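Everything below concerns the one structure shown next.
Read from first to last, the chains carry the letters A, B, C, D and E; within each, the first residue is number 1.
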Amino acid sequence: MAIVYSSLVYLGYILIFPGFLFCFVAGMLITGIDRKIVAKMQKRVGPPILQPMYDFFKLMGKETIIPAAANKTVFLAAPIVGLAAMVVIQLFIPVISTPILYGTADLIVILYLLLIPALAEIYGGSASGSPYAGVGLSREMVTIIACELPLVLIFLSVAKTVGNAMGTGLCFSLSDIAAYQAANGSLMLKASMIPAAIAMLLVIPGETGNHPFDAAEAETEICEGMLAEYSGAPLGIYKLTHAIKTFTLTALFVALFLGGIGTGIVLLDALIEFAICVVLTIIFISLVHAVTARLKIEQLFKYYWTAVSAIALISLVLAWFGM
Amino acid sequence: MDLPFVREAVKNLFSRSSCDMYPLKPSEAAEQYRGRIEYDPTKCINCHFCERVCAGGAISVVEVPVEEGTQITRTFDLSTCTFCNTCADFCNTHAIKLTKDYHMIGLKEGDLLVSGTFVKAAKKKPAPPPAEAKPEEKAAPAIKPRDDGKPVQDPSKCVYCGICAKKCLGEALTVDRKEKLWKLDEDKCVSCGTCEEVCPKKAIIM
Amino acid sequence: MILFNYIASFFLIVLGFYCIVTKYNAVKTVIGLSIADYGVNLLIISIGFNPGGTAPIYTWGELNPSSFFVDPIPQALTLTSIVIGACTTAMSLALVIKLKESYGTLDTREIRRLNG
Amino acid sequence: MTNLLSYTHFPVYSIMVLFLGAFLVVIAGKSKALRHIFAICAVTASLACLIALIKPVMIDGEVIAYWMGAREPAGGYAIGIALEVDALSLFFGLLIATAVFVSCCYSITYMRFDENVSQYYTLFLMLSGGVIGLVLSGDLFNMFIMVEILTFAAVALTAFRNKAHGALEAAFKYLVVGCIGSTCILAGTIMLYAQARTLNFAQLSAFIPGNFNTSTIIAFALLYIGFSTKAFIVPFHPLAADAHGAAPASISVLISGVLTKSGIYGIIRLTYFLFQSMALGKMQFLLVFIGSVSMFVCVTMALAQHDFKRLLAFHSISQIGYVLTACGLCTALGISAGLYHAMNHTLFKGLLFLAAGAVLQQTGTTDLNKLGGLSKRMPHTTVLFLIGAFSISGIPPFNGFASKWMVYQATYQKAVESGNIGFLFATIIALITSVLTLASFVKVSQSVFFGQLPEEYKDVKEVPFGMRFAMGIFAVLCIVTGLFRELVTHYLTEPAARAVFDVGKYINSMLGDGYASAVMGANAPVRTEVVFDMAGTWQPIHWLLLLCILLLAITLVALLGRYDTVSENKAALAEGKFDIFFGGEESVPSQVGGGDLFWGFKHNWRHYFSFMHDLHSGIVNDYALWAIVALALAMLYMLIVL
Amino acid sequence: MFKNLITESTAKSPWLFHINSGSCNGCDIELVAVLTPRYDAERFGFKLAGSPRHADIVVVSGPLTQQSLPRTLRAISQVPEPRCIVTIGSCPQSGNVFKGSYSVMAPLSKYVHVDVAVAGCTPKPEAIMDGLVQATEILKEKRKAWLEAKKNGLKDGPKAETEQEVPAAEDVPASGEEVQQ
């Protein structure tokens, strides 16, 4: 009996709470708020908050055209794998300070899991065989490389700081980080962590491919880049993955740097976390979206590998010398 | 990466949007906006000028002989019209007017056609104009306008400058300054009234 | 006397490497290789030398504690090393012939289709 | 010696079977079937012998010492030539035997178009016999002989298709620098013999740590350079790139999967056993530095390549960089991670080279700019290639990730323990290299398998089943070793790591108990316990379970939109409904691939790329110069350090 | 359960794909003006899509010159099924002042069934917005018609109007070869 119960709870975790349903709603709301705020900043009225939901369900009803030159199986399977991996990442991230799936993955696994949704889009685009997709995926790959260095430095510095405090000198597992923060205050307050937090906030728009860094999906230049040949349900799933990614990355930031403010009750924590994520998106994604122009791909790369990496490196060096 | 518009963006965030909510609050077009064509068939004298001047060829006329004259239906095809207002300028009887209504959405075939029909009374063959009205007949006390609306010249005022001939679109007038000759060709004349208007000496009466 | 052997073998090895590096003709590279190989062979032989020892050939009867031989193992190693040197030279000369056939030249500066 | 079937004889059987097979293949002469049977039987027999050895050596931890010709050591002095099989050499032996077995199955169908294939099989079996001999031998000069065998066989096999583009040139360069390496090994062996008057590994490792003097240190430098030529580490990596570019695919599997491992094995034996000097910080720094440099240089070179197999060659050297960095850490976790990555490397690199061979055979070219869209004509090869590509770039469920994850842990833990920031840079370089590997394999999959199919490859057919079966074996192994990380580490890599840290047992089992403590006295190698706790947690099985459940859920969501509204009614084809959107134009075939990908990255690093391009000039003399300069530097470094 | 939700949201998130077949850019500026803060079509979910595969409403402007006609038709055919075609300005409906020129193949309705025609030589942004809102209604009708047809058996729903009523467009010049005058 216990097995059945625990597997039901396990299934509940996956499909309902921090899993698919919660991500769907949270992701859609955050993207809706993001679009509304960007519109407001341009003195426009902007779409209703539930606009991403309408977009998603409209796309569900549309016809899915598969180009003759496309490789059908990869073309249709890629979005599903991308979305599944995205939700899996969301499961591994502790809700502020209570880890949901204990002991399955750690920081490095998260770093590599973040690649899968981007890879799903890349292989979807390349399977469609369109030259726009080719250019799009080349830019997407360069964006991934660009965002990798700062993320690596941030994760290493977080691991080192928590490791120092925990005595083992190194701690990658997310649940220990969450436990540490629950015990003695969120990491954001430590001196060595502030540059890492700033770097992480600068990386989020790049990682999710939002406006100033969306050379990969530039609808004006290369007709939506990798998604040029997608229509109907697969396109809807890609848009959903993009929405959930915004939520997941901000949730990751909250889990890594603001762990201390958890109250212990999981549902309440989830609301607090969602609120913080909305605030972070407004400041670091919408404001940046409304204010900047799209960067060329090599400017994006140079920006990430020099400016943001330098900030992250400061925190790594500080963490290294035991601050 | 300097972010020049941050202050402005944040200010906008908390100020009212500059959108004037079109479908909820109707918005009027500007004063002399050239929108949907309004055609008043009663005023129309079927002078065909509007067709000739229309750049886009948007105006088409169907003339059906009916017992008391010809039934003329003139249709303005808004989907070809460039709304340049030339036809309204040329229409002397001001039958065509471009209104301020900009709402011109065509869903079915006929939505964008504005048409009007009127019956033009058949022309009774008037007695031939007194042919003897020679140029040298001077002392006619008051030149009375002819009944069929064609122009009549008042030799006393006329200086034979030839402007009326130049302006006449139908080339119905021939004027010779030396022999002081002013001749009207009845069937070419459509009695549009341009010569009367343009004559500097007001020597033409209709 | 032994010291001279070591200096000679060192000198041979360095000469071989010098020839490989500086000469741009494929055949000369092969010659350089074999010179370096001969240097090492000389080194192996001169290591096994015990002053005053005789050649390590004996019949079962003569073997008595007082007989004093030169160390036999390096000699065996030298044999194999010479055989290997010969094979290397044979193989590389075969390759050089084929290279001349297909590239038309022996100048190693021309033989560089695979680069970058 | 009475019972010929007891497992103590298996090491010799596994080597001799292969050489016997090489001989029989020549006798088989004309008949193809006989030749294939001999080859397959020899390879399977050798693999079987090694698998049979797992029980005694790996699980029970016994070290088999096998004296050729039953010449037991007399009076503590080794006379005969010995084969020594401990967990480390068996680990490498198993690895090599599997790679050889799969490559042999592959080459049966792969070489069906070539003529004089019997010479191919002789060389093939000689090469595999040589490598297994090298790994199992306990005698230094015996190792040198085996190194010579496999160098000759590899050079001959590289030039096997001498009309291929650059095959002869690659073989010549490989031979020249290979012989420089062999000469160094020979000189090193002899200088050790001059000091210790013995060639036996155990006796040497008992003798040398006691008395370091200039000649043993120079011998160490010579042997180190000799083995790194065989492992194609940084100063010698253009050899591998040229050799793979021209060699047939089944031979590239051997060169990249097997020869590099033999080089790594040599270096591990040299540094951990013969000279036991890895405890010194400076020595660890040398190996980790060389490893990181080769990691980064080769991955950036791979990004700039236009040829499929040359790109794979550069990747195999960058993965060897990973292995060397991990093994150079001298921590239990490091060695275990390094060996695990070496095994994974053989598996996924073999798979990728076989896929490249399949593409080469069907389309006749491996130029990334000309190929495209092959996934529609060769679906199985594409799936197998993708498994290989995902595992090399370290995508979670596959085996590349499991070992890279351990490598990062090892390097970062070492950095924390030793407080030396150098190892931290190794971790950062390792992580960045992993992303660049992913980038170059996205480039390959876009320019070869996806994108648009050019005209001339319209009627390309799928590869015959034999080749796909071989690739399938590698693919299955890639997935299995990725998923069951604990099993692999428990049964394979940890015993090997224990063997590396237990030199005393290695010596005693060869020359009788108590020998090591008797001879070395003070600095007898103490047996360090192999226990390491992971700083992070990673259970692939849970992860996979999660992914599958979510895949089901999301397919339900997708069906909500009824994917069946997929309208593929080809009738509307005339209108261009199913053509690619070209801004309205007729869809002209235009493949985006090969050179014009990742402009952003290459533009920012253009000075670096042009410098590296000129550095690899392709002239034999330059490569030889690098080899000799590396030798001189190594000698200088060793003299200062040791 | 989702069926009417999908039908509702079809009208609520129409994505536009703009094709300029030789227009004087007057209508193009007006179309973009619709998206500016003053008129803000995004309130109704309008968004310019980059590729025809993403579009619901195809907005055509310009008199369909001879070079751009085949390309426009191909782009329109690449739009997935419940789609609407809206023409802006009088050029696509009749060729405006350029009628009769050798290179103008004007009324788009000769080749494709036009759902909404917004008249005006540069129609006012409000007019365009009305037209587009009208188009979203038609989208919903098309989706409903498509569901009915699907319910009573037609495999792929009703043959889209575009194929039914279009007279055999025999004088569509195959792309590339010149139109004999």
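Keep in mind that, in the parts below, contacts are C-beta pairs under 8 Å (C-beta built on N, C-alpha and C of every residue); 3 or more make two chains touch, one makes a residue touch a chain.
Computed from a predicted structure; not experimentally measured.
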{"item": "Where chain A and chain B overlap in contact partners, by chain label", "value": "E"}
{"item": "Touching chain C and also chain D, the following chains", "value": "none"}
{"item": "Contact-graph separation of chain C and chain E, given in steps at minimum", "value": "2"}
{"item": "Per-chain CA centroid nearest to the all-protein CA mean", "value": "A"}
{"item": "Greatest separation from chain C - chain, by CA centre", "value": "B"}
{"item": "Longest centre-to-centre distance from chain A, chain (CA-based)", "value": "B"}
{"item": "Between B-E and A-D, the pair with more C-beta contacts", "value": "A-D"}
{"item": "For chain A paired with chain E, centre-to-centre distance based on mean C-alpha positions, whole Å", "value": "36"}
{"item": "Rounded Å distance between chain B and chain C, as computed from the means of their C-alpha atoms", "value": "112"}
{"item": "Whole-Å gap separating chain D and chain E, where each centre is the average of the chain's CA atoms", "value": "59"}
{"item": "Multi-partner residues of chain C (at least 2 other chains)", "value": "none"}
{"item": "Two or more partner chains touched - positions in chain A", "value": "39, 42-46, 60-65, 132, 223, 228-229, 232"}
{"item": "Multi-partner residues of chain B (each touching 2 or more other chains)", "value": "17-19"}
{"item": "Contact pairs between chains, per stated definition", "value": "A-B, A-D, A-E, B-E, C-D, D-E"}
{"item": "Interface residues, chain E side, partner chain B - complex", "value": "37-40, 43, 90, 93-97, 99, 115-121, 123-127, 129-131, 133-134"}
{"item": "Footprint of chain A on chain D - complex, ascending", "value": "373, 375-376, 382, 394-396, 401, 405, 408-409, 412-413, 416-417, 421, 424, 427-428, 431-432, 435-436, 438-439, 442-443, 445-446, 450-453, 535-539, 542-543, 546-547, 549-551, 553-555, 557-558, 560-563, 565-568, 570, 573, 577-583, 587, 590-593, 596-601, 603-604"}
{"item": "Touching residues (chain side chain A, partner chain E) in the complex", "value": "39, 42-48, 51, 53-58, 60-65, 132, 218-220, 222-224, 227-232, 235"}
{"item": "Contacting residues of chain D [partner chain E, same complex]", "value": "560-561, 565, 567, 569, 572, 575-577, 579, 581, 583-586"}
{"item": "Partner chain A, residues of chain B touching it in the complex", "value": "1, 3-6, 9-10, 12-13, 15, 17-19, 21"}
